[in-house]
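The same subunit A turns up in both complexes below, where it pairs with subunit B and then with subunit C.
Let's look at the complex of A and B:
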């Protein structure tokens, strides 16, 4: 069932939902951007509809609830190990179609890869329901259409499209119907884009010769290995575990996991000094091929969902979508030679 | 939430500490579950973190973990003694299938701490009725870096052991030279059906495989074990991934016909 609401009625919906759910949504942080007098849109808990930024693409991804940049896993106290607590209030996450598609990739790594689901991810995942933010237009660097993630047919409890003074909501989850009683019933299809300015062609069957292709060389000099592309990516899942001990009692501490980046030096370091990808060019190749080929070989879908946040955030103006097209050109050229 | 939390380590008693060199000790840990040579445990030192350590020996109620003092975690492990305990998770990884090497000629080439993961394989070979068809080339950096001295003696009596060091002080009467040097002269009846196991530092493995192929070994008869950074051992953390392969899940033991396409 779909509903048309006034903005005030929608604010009431959010108000009532916030009594039962923790609402995790994109929020405009004034002046908190990377440069003086710039803003940033990142995820935070909200209780008021006015706090939710529905008109801009978020600079950071929703994944920070499911895979926090730093999460305490458990506490050590002498010989005991105790799992960290997590509030069990259910969570509503507001996100766009590309990010809805990213959830499947996160689940593939954390729930399906290996012999058992990740205990800490799973307990967060079970608390979460999703609210789809419709896209009435494409944003800078988006290429969701090329990646097939521009439409999210299901997986959300309701959708939100703001049009002038009205809010249109598709509510496929009947359990949420009661929140929309003030609205007028009508058929609603969430907005989605059908075209992006940025387009990529993901090549099928990338030959091993791509590893030696000179296209990666420029990134050895251009990329500074800051890892921002990984941290804003909705599908990057890598982490490192580290122990923290309390200084006034050295026998008590905690083990955390923190976000890790395959672009940052040290990602592959083994004890004794071994390291497996030393140049930024090799690291770029490793990341890009994971997103457009290696994940698909294992799980059947490409990891990249085309949100373009990596291009938005790169301080060296490296365009990842451009790299995909370069790989495609190189694969085509190799095919012609063969 | 009833499923088991694989991240919580269990406490294991240190039954014994065997000192090989100043920086390489074997910790004999109490353990009774199923485990194979080539698998690994995540060893926890609260405050310092975890390190993946391969199983170097398996007994009815213990596993041996041979640990080299080279990192943040392992430095701390060396401060522990018999009677104390360590926190472990595992075992992880696929491990070696020793039955694969029962028939015919087999060559094991191992370098340095690379001997640890294949120690169980070599011991199995030494106990086989056709042990005379089994060749083991073991290399260490110098005579003082040698591990498993008692095993080396026992293996030497049962199978064909070539023990070599990269370099030695004057007066050393053993073999000196890289492991690769001995492959060409192995008196094999039929290298095209013989099997090989190669474990060691990446350059040693690379050149050993070149020599084995020159000798006539088919790629699919060569088994390797890879070392990578492994934070979780569960296929989640991403550090050990190479292409579409997770070394901690799909390896660390691979048939070389597959492993040769793993490009970091």
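Let's look at the complex of A and C:
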């Protein structure tokens, strides 16, 4: 069932939902950008419809609830381990189509990769329902159409499209119908884009010769290894561990899981002083091939969903989408030589 | 060329240079904050072509001088600079008469937060605000603004140097201990950050509020404070007797206090300037050397209420060579 609501009615929907759910949505944080008097759009908990940033693409992704940048997993004493508490209130996450597609990738890594699901991810995942933000237009650097993530998969409880003074909601989950009683019933199809200015062609079979291709070399001097591309990516899942011993009593402490980036120095350090990928060019190669080839080999879908946040955020103006096309050109050139 | 009879002190006060080339002068165009609109710059070009010699000097204090102007053309040039004065919103008593004074020097500013990734505030806007408060005044005062502790504007050579500060705000829940803030603070700044139990510790005594940690943080764990803060440095100078760098007076100062302090300095100068100073011009620093810093401080802090965050030096010492002494 779909509904047409006034903005005031929609605000009431959010108000009522916030009584039962923790609402996690993109929020414009004034002055919290990198530079003086610049803003950032990142996820946070809200209770009011006005707090939700529905017009801009978020700079950081929704994954920060499912895979927090820093999460205490458990506390330990000399003989006991206690899992950190997590409020059991269900969570509604507002996100766009590309990010809906990212959930599948996160689940593949945390629930279907290895012999057992990740307990800490799973307990968060089970709390979550999704609200789809429709895209009436493409944003800068989006290439969802190329990656096939422009149309949302099933699984959202309702959708939101704001048009002038009206809010249109598709509500496939009947359990949510009651929240929309003030609206007018009508058929609603969530907005989606059908073309982006940025287009990529992901090559099907990438030969191993790509490892030695000179296309990676320029990134050794261009990339500063800050890892922003990973931290904003809705599908990057790498983390590292911190075992922290409290300073007042060195026999108790906590284990934290924190985000990690394959572009940041130290990611491939191993005991004995080895480091597998030393240059930023090698790290770029690893990241790009992971996104458009390696994940697919294991799980059947490309990891990248084409949100373009990595291109939005890169302080060195490196375009990942452009690299995909460079890889495609290199693969085609190699094919002709063979 | 008729017989010249020029009131030189009046000429200088009117922002025209006394030139070594007899019969010529240079028109000094004031550009507070160092930003001029293209139309005004075109007018400068037009004046240089029409009255000067087609040459424009860029001054050390971000102003412009149009040299080679015949002294008898001063009234005409004053009419021509009116549109520049209007466009740059320079305080003026009577239109068409040029700049009303020249003693308080052009207020300098680096590009600051308008353009620079490290700028902690809009230096140009603050410079223009300061200009409105203290110009015209013929006392020799130099004020300069710089966006951060890099001090690209070299404000430590000014009487009043204003350096931008931000108080880094840390959200440990967004920190992944990637170490970039620590690394860049060490390499580009003072090394005030360290990793303690997987989170970053900021040594507040060492931190200079430059914001490098915020600029390099990839996760927004570090953000800037809502408030813009300033480091006010005092009484730097170049010159023959005792060139020296300005020293810190107040850290974490607010904008309003800085405006008041600089304005207050003029009353101090009126009271204590050497009545026999050559051309009635004496750098404030030398006056303070005579009266002692306490007297100066008493004047400049009148009506100033600093916030709890502000850290003020109660007494101050300057260095530099004393070429006017045998022990220098």
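Everything that follows uses one rule, which is that the second predicted complex is superposed on the first by the 337 of 338 C-alpha atoms of A that agree within 3 Å, B and C clash if a C-alpha of one lies under 4 Å from a C-alpha of the other, contacts with A are read in each partner's own complex, and residues count from 1 in each chain.
Basically, contacts are C-beta pairs under 8 Å (C-beta built on N, C-alpha and C of every residue); 3 or more make two chains touch, one makes a residue touch a chain.
Everything quoted here is computed from the prediction, not taken from an experiment.
When both complexes are overlaid on subunit A, subunit B and subunit C end up sitting side by side without clashing.
Between subunit B and subunit C, it is B that contacts the larger number of residues in subunit A.
Of the two partner chains, subunit B and subunit C are each touched by A:260.
Once the two complexes are overlaid on the shared chain, A:54 sits clear of subunit B and of subunit C alike. When the two structures are aligned on the shared chain, A:123 is found in touch with subunit B, with no touch to subunit C.
With both structures placed on the common chain, the touch criterion links A:28 to neither subunit B nor subunit C.
Note on the composite model: angle subunit B-subunit A-subunit C, taken at the C-alpha centres, equals 110°, rounded to the nearest 10.
Within the superposed three-chain model, A:11 lies out of touch with both subunit B and subunit C [touch as defined at top]. In the superposition on chain A, A:226 contacts subunit C only, with no contact to subunit B. With both structures placed on the common chain, the touch criterion links A:162 to neither subunit B nor subunit C.
Within the superposed three-chain model, A:73 lies in touch with subunit B and out of touch with subunit C [touch as defined at top]. Using the contact criterion defined above for the overlaid structures, shared-chain residue A:242 touches subunit B and also reaches subunit C.
Taken over all C-alpha pairs, subunit B and subunit C come no nearer than 9 Å in the superposed arrangement. Residue overlap on subunit A between its contacts with subunit B in one complex and with subunit C in the other: 240, 242, 245, 260. On the side of subunit A, the complex with subunit B involves touching residues 73-74, 76, 79, 81, 83, 109-110, 113-123, 208, 211, 237-243, 245, 250, 253, 255, 257, 260, 262, 267-274, 276-277, 282, 286, 289-290, 294-295, 297-298. For subunit B in complex with subunit A, the touching residues are 1, 3-9, 11, 46-51, 68, 70-71, 73-74, 87, 201-202, 227-229, 231-232, 234-239, 241-244, 246, 249, 261, 263-264. By the touch rule above, subunit C contacts subunit A in their complex via residues 113, 117, 119-122, 164, 166, 172-180, 197-198, 211, 214-221, 223-224, 226, 228. The touching residues of subunit A, counted against subunit C in their complex, run 29, 31-32, 34-37, 40, 42, 60, 68-70, 226-228, 231, 240, 242, 244-247, 256, 258-261, 264, 266.
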